[in-house]
Each structure stands twice: as C-alpha cells, then as structure tokens.
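Structure in structure tokens, see below.
Chain IDs A, B, C and D follow the sequence of writing; residue 1 opens each chain.
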Amino acid sequence: MNIDYVATTIAVLTFFGIWSLMAISLNIEYGVAGIPNFGKALFVSIGAYTTGVTYTRLLPILAGRDFIHPCGSTLADAIQLRSDIIRTMPVVAFVNFGITLVIAAVISGIIGFAFSYLVLRLKEEWFLALVLLVGGEIVRIFVRGYQPLICANNGISAVSQPFAFMGGRSASIAFLMLVLLIAFIAYVYSERLIRSPYGRLLKAIRENEDIARTLGKDVAKTKAQVMFIGSMIAAISGVLFAVNLGFVNTNDYVVTLTLDVWVMVVLGGLGNPKGALLGAFVIAVLDRLTAIAAIQMNMAGFNLEFNFVRFILFAVILLLMMRYRPQGILPEPNYTTEAHDNLTARTTGD
Amino acid sequence: MFERILIDSLIRSMQVGSLYALMALGITLTMSVLKLPNFAHAEFVTVGAYTALIVSRNVSTNPIIILGLSAIVASVVALVSHITVFRPFEKQKSSIYIMLLASFAVGLIIRYVLFLTADTFDLFDQRIQVPLEIWYRTDNFILSNVFFWVVPTSIVLVIALSLLLNATPLGREMRALADNFDLARVIGIPVERVKWLTWLLVGALAGISGALWGIQTSVSPLMGWVVILSVFAAAILGGLSSFPGTILGAYVVAFSENTIMQVLNFQFGLSFSFKPAIPFIIIVIVLLIRPEGFTQFFKSNRSLKR
Amino acid sequence: MLELSKVSKDFDGLRAVSNVSLSVKQGEIVGLIGPNGSGKSTLLNVISGRFPVTAGRITFQEHDITPLSPDRIFHLGLGRGFQDPSLFYQMTVLDNTILPAKAQKGENPLFAPFKRFWRQEEHQLAERAYEILTQIDMGRLFGQLASELSGGQMKLLDIARSQMGNPQMLLLDEPTAGVAPPLAQSIFEHIANLRQNENMTFLIIEHRLDMLFNFVDRVYVMHMGELLAHDTPDEILENAEVREVYFGD
Amino acid sequence: MAKRLSLLISLLLLIMIALPVQGQDDVETYVLGVAQPFTGPLGSFGTDFTRGIELAVMQMNAELEASGVNIRFEVASADTEGTPDGAARAVQTIVQTTGAEVIVGPLTTSEVLGAKQFADENGVVIVAPASSGIPGAIPGDNIFRVMYPPDNFAALAFAEIARSRGYENIAILHVDDPFGNGLAERFTIDFQAAGGGEVTTIAYSPEPPDLSGEATALSADVAQLSGSGNTAVFCICFLADAQKLLQVAQIDPILTTVEWMGVENLVSPDLLADAGHAQFLQSVNFISVSFTDTATPLTSPFIESFTAEYGDPPGPFTNYAFDAANIAMLTMLAAGNDGDAVTGMLPFVANHYIGTSVQAYLDDNGDQAIAFYGIFRVADDASSFIEIGTYNGSTGLLEMNE
C-alpha cells in the first residue's frame, strides 16, 4: 500500500476536468434543450483529430522548422521534432495549442450546426440519436483508413500538453489548472445561459417545440445554435483529452465514450450544470476507485475477475439511479431570471 | 473471374442476410410492440451463441437440439431483463433515451457476465462443434451444410412469425399493442401477458440467430455487439415496423456489405477496412431521406404499424 | 387583414379542408363554427403555418404568408391560442408570459451569459407581463408553475401569453372549452376588451354559440371541410342549411 | 434506496483500498506493474499474459527466498480496456497507488503509445512484451520492447520462407491495424527484394463480424496471381479472425488449392480445436513462425511449469510476457525500484539475458534487435504444431529440417 495521494488527485481531477466539459456540453444539449446528442464521441474526436493535424503540420511552421512527414519512415524524426519544439520553445507550443483549440472548436461547431439542420428531416426525434451515434463511427472508420490525417490507424504520438517543458509534477499541475480553468469557464457559461432568457427559450423548446414555434421562436435556428455551442465545448474537451494522453488514435473515440458521458449527465442530474460536474466527478472517482480496488484485490490474491465486475457494477449503479432517482443526484432547479425576484420583492412590498 | 466473385458474394449475402433478418426481426418486434430501441439484443444473440457452444460440447451436436436450447436460454434472459429492468422503466414512463441507456446497461451486464464465464472456463474465440460439410457443389460455387441450415431456418421462422402475427389471437393482440397501446389496454387486451410472450419470442429469435451466427463464425463475448449496428440498419430499412420490410432490409444490408463491397473492391480498389461503415451509411441515408424505409412497398400487407 | 383564397389541405389523400375562402377585417371578431371534424382546427393550423397548405393562398396584411413557418407568421403579428391549453408546464406563469416577447436580446446565446445586455429589457418585459397578468386577475400567480393552475386559468394564460408578442390578430381555438360558464363569460369579455383597447382582431373557433354570438361581428360555418355559410350571427341562426348540419333540425 | 446502495458500494471499495497488504517486516517488496487488456476484444490475451508474468514472479520469489535474499516481487495488474486512453489510466493507477515504477505491458502498440507520455514524464519504465508496431520505434524514451522483435524481422523471415518454398506470388490478407499494415508493407518489400513476384493485399477492419467477403476477394486475388506463377496465401490476422476466415476458406474451391502462411499468433492449439480447420491447415501446408525454439534450454521448462500451474499450455506470445517480466525484475534487483535507474540499466540486463525464445539484444530504440524464429507446421495427427526449421534474423539463415 503505497498510494501517492497527490499524483492520484492530480490524475483524477484532470480526467474530471476533461470529462466534465463533455458532460457540460451534453447537459446543455440534452438536459436543457432536449437534443439527444448520442454523437459525443464524434465531436470529441473532431477535437482530437484536429490536434493530430495541427501538431504535425502547424507546429513546425510556427517554430520555423521544416515539415517532416509524420507517418512512415520519417516517423521517429517527426516525433523528435515535435518533442524538441515543445520542450525548447514553450511560446510556440502555447500558440499552437491555442490555435488548435480555436480550429477544433470552430470545425466541430460547424459540423454540429450542419447536423442539426440535416436532422430537421428526421421523422422521429430519437433518430437523431442514432444518426449521431453512427455518424461518429463513420468518421472513425474513415479516419482510421485514411492516411493523411493522423497516419490512419497508427495515430500520432508526442502531442504533448503545452506545459510539458516544465517537466515532472509541476507540468501536470499546470496542465490540471488549465483544464480546470477551461471547465470552470464552460460551467459558468452554461450556468449563466440557463438563467438567462436564452435558457428560458431552450426549456420551452425542450418542453414543446411546436408551441414554441407558433409563439414566434425559430426552433431550428436555436437548436443549431445549441449544437454549435455543445459541439464546440466537446471539441475543446477532445483537444484536452488528446494532449493529456499525448496520443491521438481512433480506438479511443468509440460508442462507449458517448455512453460514458450520458451516464455522467443522467447520474448527476439532467438540466443542472452542477449535476453535470458532479456526474463527471463521480465517474472519474468511481473509475479510479474501482481500478484501485481491482489492483488491491488481485494483489491480495484474488483473481482478475474484478475487472469484469467493475463494468457490471457501473451498469447496475446506472440502472438503480435511473430507476430510483430518475432526476439525478442533483435535480434541475426551477431556473428563473432575476426578474422574478424583483417582481416578488415589489409585489410583496405593495 | 468477376462472375465467380459475384455468384460467391451473392451466396454470402443470402446466408448473412438470413441471419441479419432473424436478428433484425427481434429488433423490429421490440421497437414496434414494446417501443424500445433495444441494444441489449446484441447480448441476447451472444447468449444464444454461448449456449450453443456449451451444448455442442457437453450435450449434443444435433443442430435441432442446439438451436432449441439456445432459443430457450436466450428467451429466458430476455424475459428476465424485461421483468427486472424494462418493465419498471416503462411503468415510470421514462423517456426513450433513458430506455435506450437502460438497454445499453443491460447489455453491459450480460456482456461482462459472459466475459466472466469465458474467462473462468477459457471460452474465448471458440468454435461450436458442428463440422462443416459440403452439400452441393458446382464449378462456380459450393454450398455448405451451414448454408442449408441458416437459410431455410430463417425462412421457416419468418413465415411462422408472419402466420403467428396475422392468424393467431396472440398476433392480433401484439399488433393491437403496436398500433395503439392505450386503446389496446382499454379494449381489454392482457397487455402484460402479450409483452411477456413478445419478449420470449424476441429472445428465442436472438438465441437461434446467435447459435447459427456462432456456427458460421466463432464465439466470443463481443460477437453480438460487433453486428448489432448492421442489424439495426436492417431494421431501420424496414421502417422499424414492417416485417417484410425488415427482411428485405436485412438482405439489402447483407448485399451491400458483401456484394456491393466486393464490386467496389474489385472495380475501384476500395479497401475492405471501410466495410463496417456501409451499414452506418445506410442508416444515415435511410433516416435522412426515407425514414419510413421499405414500409410503403408493403402497404397492402398488414404491417406492425407504429 | 386576413385573406384566405381557395385554401385546401389534404392528409394522405384525404381532404380535410376544401376550397375555403374567407376574410377578416381589421378590428373584427369573427366566429368560425361547425360540427366536430368539419375542419375548423385544421384550418387554423393551416393559417398559423403549422400545417403546410395543399392548395390556395393566404395573405395577412398584404403579406403572402402561405409558405411561411409558424414563427415567421407570429412575427408578422398573427398569433394563436390552442384548444388544449399548451403551456410550458415546467415553467412559471411569468416565464410563460414573457417567452413570446419578440426580439429579446437575452435570447441571443452571445449576449445571454452577460446580464448587463439584457437586464434592463428583461425587467421591462416582466413589468409588462405582470400588467397583462393583472388584467386577467392572475398577477399574484406569476411565480407559480403553469402546471399548478386551474383549467380556466390555463385558458386565460394561453391568451395572455399571445398578447406579449403584440399581435394585431389572434386565432383562438375554443378559448372556453372545459371552462365553467362564469369564467367563460369573463374570457369573452377579456377578448372584447382587447379589441376595444388594443384594436386587436380575432378569429375564434367556439362551440358555445350562445356566448360567441354575443360578441362576434360575423360567423363562418364549416361542414365537411367546406365553407357552408357566412353571415351575421342573427342571419346564421335563421339559415336552414346551417340549422340542418349543425343543429340537426 | 439507491443512495444507500451506492453509499454502501463506495464504502466497501474504500475499505478494500484501505486494507493494508500483508508483508513480512524485514523483507523489501518491489511491485511489478502489469497493464494488460482484460476486457475488450483482446481480453483473452491479457489473462494469459498476466499468468505468464505471475509465473515468472513466483519462480523469482522462490529463488530469492531459497538464496536468502530479502527482496520479493509482487504483481499489481490493471486493465487497459484495449484502448490508448484506458492504457494511460491503467498505468497511472498502478504507478500512483502501488509505487511501481516498472510496468510490464501493455499489449498493442497503440496502447503502449497511449501510456507513453505519462511514462516519459514520470520516469516510469514500460516493458512491452509483444508490441512490435513500427510507430513505437522511438529512440530515447522509457519504452522497451524486449524479446519480441519488431515486425521487420518477421517480414524478413516470412519472405525467406516464401522464397525457399518456391512461392512466386503472395496474396496477403491482413488486419488493418499498425501490426498488420506494418508487417504487410515490410513483407512486400522484402519478398520482392528477394526476387519474389507480385503481392496483393487485402486489409480487413479490426474486430470483423465475419470475413466471408474478404475471403472471396482473397480467393479472386489468388486466382488472378496463379496465372503468373506459384501463389501462396499469407494471413496476417488474429486468432479469432483466422477462425472466421477458415470457416469460409475451407470450402473455397481456390483457397483450398494453394499453400498458406500465417503469423505467429496462429500457432495456437485453439486454431486446431476445430477438426475441419485443422484438416484444412494440414492440407494447405500451413506454415508459421513461433517462439518454441527447441534449441533454447528455457523453453520446455517454461511450458511445463506453465501447464502445471494453470492447466493449459501457454498461448501465443505468453513467453514474451514471461521473459519481459524476468528482465524487468532482474533490472530492479540491480537498480532498485527506481524508474530512471531501471531505464539506464535495462538495456545492459536485457543484453545479457537468455529467454524462453532467444537472447535479448536491444537497439537504439529500446527494441529487440535479435530475431530467432522456429518454423512450424501442423503435425501429421493435426493435433498440434511441430517445429520443422529455424530462421536466424541476424544472419538471415534459414534452416529447414524437412
């Protein structure tokens, strides 16, 4: 028993930060606006693939170095080049990282936007879930087989996080701070959005989009905006996910990632950004705790079966939660703008 | 050469399509009668395959016994998941997305129980002990015994199912449920009993298809999961409501995965590694352009209307 | 103000509305009556853009609104209420009322997170909403969830809500269905007030003919998807054809 | 109810974690991390690998005790779920909660690369037993791919075998992943450099539901190539995929008429469990390479003790996990449980280690540079594979006994 509590905390919080971004984006989309985005893996992967492309193409240009083809026989040289630049030219690494975030967010936002219009043609609402689910797989299969993007199934390694030049624990703490900062901004943004007239509009659309339309609301445009926002946040989490791992590979962006995010949001509480945070936190901690438990159990002489039981446990907890607390751990509060409070103050004052 | 590829892949499409049809019918049934997009169907299929594996090793290699026991075990699993999970969720009127997540969770549980079993008894990637024999041979192609089990079994089951739906009281009740749930309850249809029977039927179909799929390939805990989206593509082509549409959809998906893929590969050099994208592209295109699938071709038929 | 010329609507080859032409003038209250299934509600849905038109042309204040979507039509000043009150039940009465207000700055996702862009506007809207609610005697209920209201209150809120969009004309579908007579009377009085004070125009579907006929200027009668008659209330009551299909005489 | 239950579960987990692991007082314990896929499509590999590693640890501990050395090894294993992200989390968890600084695993090259950044930044050593993909060949990092040689040696071995058997053309079916692509590519170059003729490749997507379409295309390729000379099939696939392929191939009128080669993980008794498959492989003169080089004295003891311990003979590649664990432990005995020291010391230890297959010798990338293959075919009774020759990767010498 030799737990490095600090390192474990850093690791768990980093994953929490990245996952909470995904959960926040799904919470805005499904929890608040009622759009069943089962394509989280798709939008997260767009962030990751963009990272793969910018780190191999943009980074050398920014650093004023010659482009080295990232795949095939020059692979080792290209990795060396990336590591060199990130270690020795932190400013370039940061600029590259920032540009990556922006590009990824914009591309993903546009794709989400386009999807939402495509989807207007769907007969039933839940078809959207299916289209996005398989859309993610189509993109994954394409990227996996198409060399020029991220070296097909080989993936791109050495896409380090921008603080890597600091080395050791300070690098991971700095990156953690960055992740938490971005997650915090997204959280505040979503919390404020919900408490604004826009949040009211989204709730109205969630409840009855037909009526909202006859009351003069452009539902299609609003849904497209929400998809734009949600997809942007998801892509940003994808960039962070990729640089935290230091590796971009299609194997990570499968259907199960989408399901994990759904579990977080349903567990935490639909429609409540705090719930999204809590859900991501619970999953991050539970994932680590069960992994630790599995290690300890097999060190104590049990077999490896707990690795399977972990998944069963997850599923059972999810089912019990959905059954006995369908509104999640933190249910959606009745959000209002402050106009209510003012009116209350005034009318009771009369 | 091209001719031979064509014939060969058409036979494959036939064989794979028949199996897809069996699996997709289960999806269509759950979708229309029970209003559930059931992703755990994949695991019912795997349960059937594992039952077949264990039976073939320990009990008998007679295909009828294997298929029968697979059907029984899988239908019990399906019914149990209805009673323990899906019925309570239905009762609390959960949204379709919660139901979808619940079906994923059920699938996860079954899958990892199978993983546990496979790990304990070393049953990863095993072959069901049914020998392959050549039953028909011409210059251009060869038909195996598996072909002669898979295709007629599927056809017989599909016909039996159509009869059941169209000519028996149970079938009428199921169609009534599919048509209008509240009305069915009001006019006195024993809703819960019909649901139980539907789940048994769905499980049996999945079990049989799993056993046959296992005979055709090999048995592993993920075998159902890797085909489930192709099967969903078939059910969606059938508009998620029509039986004949679903069967046609299954053959179309199998045809695109085999024959069309083969032609694309032969003529344009498209790599087979893109093959898994085919059913997905079918799903997207159908849902966007023709969400009713093939239902309209079978208007005269008494389809399970949604 | 509102002009329908030869409007038809088919469902799966079934003709629900056939060749209907009617017109409503500024400041009028016009009734639309007919037996169940005569196509009245469908016609309203067609006018408000919920169902696309199969044939014909609809103009509202010189605008051709035939191809427009419901939200565009609402923006031109043609609002509508619903037969079953379709409120946003998980939202408060105040939120329900404010929602239809047009061109809210706070409904832009770029400005929404920053209160300073919309605080002022929101307060004004809230004041106005409160005023409207007070008119129908629901001012004190503003903080309640819409689902907690009584049936009659829901009906009133349904109308009050449309007012927020400053419509010149309202299409109402049975505004007093399932409401006790005294309250029904007050709903109609409210409608009459709106005409008087805000110069609003109404096209109303109603089954309570006794009450309706006290308030309307003209009446259109529909039967089997077609327009059967069109006259003043008194004349309609005398019309033999109408009496036959409607009252079974 | 649910709240209480989840509370209870969390509590149980906490207790399990907090329970101290028993250990003798005066004995120093080093933890050897094991990150392998236990779940996911490669789940069966992970279990077998971990058994190999545990066997190595047991033997080592017995030796240490017998010699009176006060050091013991302990295994801490975590599940990579078969994904790069899962591998990163598994390695993190092992390192951060057990203090291990040396990890044996993960399995595939993409999992190894998923754990790479964490390992490099935290001075953790990754000793990957079976990763051979070319993208992992990176100099100066903390990743060592001991024992199992990079794919270019296997490619050379197969090219030599193909030429010596007189194959003029080859039709390849390979899995579309770094291993399959890399090997197919290298093989094509080597085969043609050695005077071979045409090579066609068909890539199939990983985890295929079935391979019948691919088999038909393969059969077409063979038919076409056969026109210009003696053609053979080369299957670069996983065991489960091979089973699906054989199911179709064994009744294909063309695929049954040519000879077959297959990669190392097909040299498994599981492939022969199906009588039809075994018969087919025998009839097409199936040939493969594998570790069981009878010339190495450690091979048979390993197989015997593994079988005695677990009841079944070791699966493909398990010997590499056994060797990797031994190299890691020997290095730790010399350098202590210190990642940086182990990084410096490991090449030296590895270069003086003789394993169950062959001696290790690491190149600049920290990858095995020696390749010595046994060449195998199906035995006459179709129940097992037997060795019929050897290939020495450093000298390029192919020796056939029959």
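Following the convention adopted for this analysis, contacts are C-beta pairs under 8 Å (C-beta built on N, C-alpha and C of every residue); 3 or more make two chains touch, one makes a residue touch a chain.
No experiment lies behind these values; they were computed from the predicted model shown.
Distance from the centre of chain D peaks at C, each centre being the average of the chain's Cα atoms.
Ranked by C-beta contact pairs, the top interface belongs to chains A-D. Separating the CA-averaged centres of chain C and chain D is a span of 73 Å.
Separation between the centroids of chain A and chain D, computed from CA atoms only, is 34 Å. Chain B and chain C have CA centres that are 49 Å apart. Shared interface positions of chain B, defined as residues touching 2 or more other chains, are 112, 115, 119, 271, 273-274, 276. Counting partners per residue, chain A has 141, 144-145, 304, 308, 311, 323 as the residues that reach two or more other chains. Here, these are the chain pairs in contact: A-B, A-C, A-D, B-D.
Taken together, the chain B residues at the contact with chain A in this complex read 37, 85, 88-89, 92, 94, 96-98, 100-102, 104-106, 108-109, 111-113, 115-116, 119-120, 229, 232, 236, 271, 273-274, 276-277, 279-281, 283-284, 287-289, 291-292. Across the complex, chain A meets chain B through its residues 30, 36, 118, 121-124, 126-127, 129-131, 134-135, 137-138, 141-142, 144-145, 259, 262-263, 266, 304-305, 308-309, 311-312, 314-316, 318-319, 322-323, 326.
Per the touch definition, chain A reaches chain C in the complex via residues 188-189, 192-193, 196-201, 203-204, 207-208, 210-219, 225-226, 229, 334, 336-340, 342-344, 347.
Those residues of chain D that touch chain B in the complex are listed here as 38-41, 43-44, 47, 176, 202-205, 207-210, 212-214, 216-217, 219-220, 223-224, 239-240, 243-244, 247, 250-253, 270, 273-277, 312. The touching residues of chain D, counted against chain A in their complex, run 1-3, 5-6, 9-10, 13-14, 16-17, 19-21, 31, 38-39, 47, 50, 74-79, 82-85, 88-90, 92-99, 109-110, 113-114, 116-118, 121-122, 133-135, 137-139, 176-178, 181, 203, 205-206, 365.
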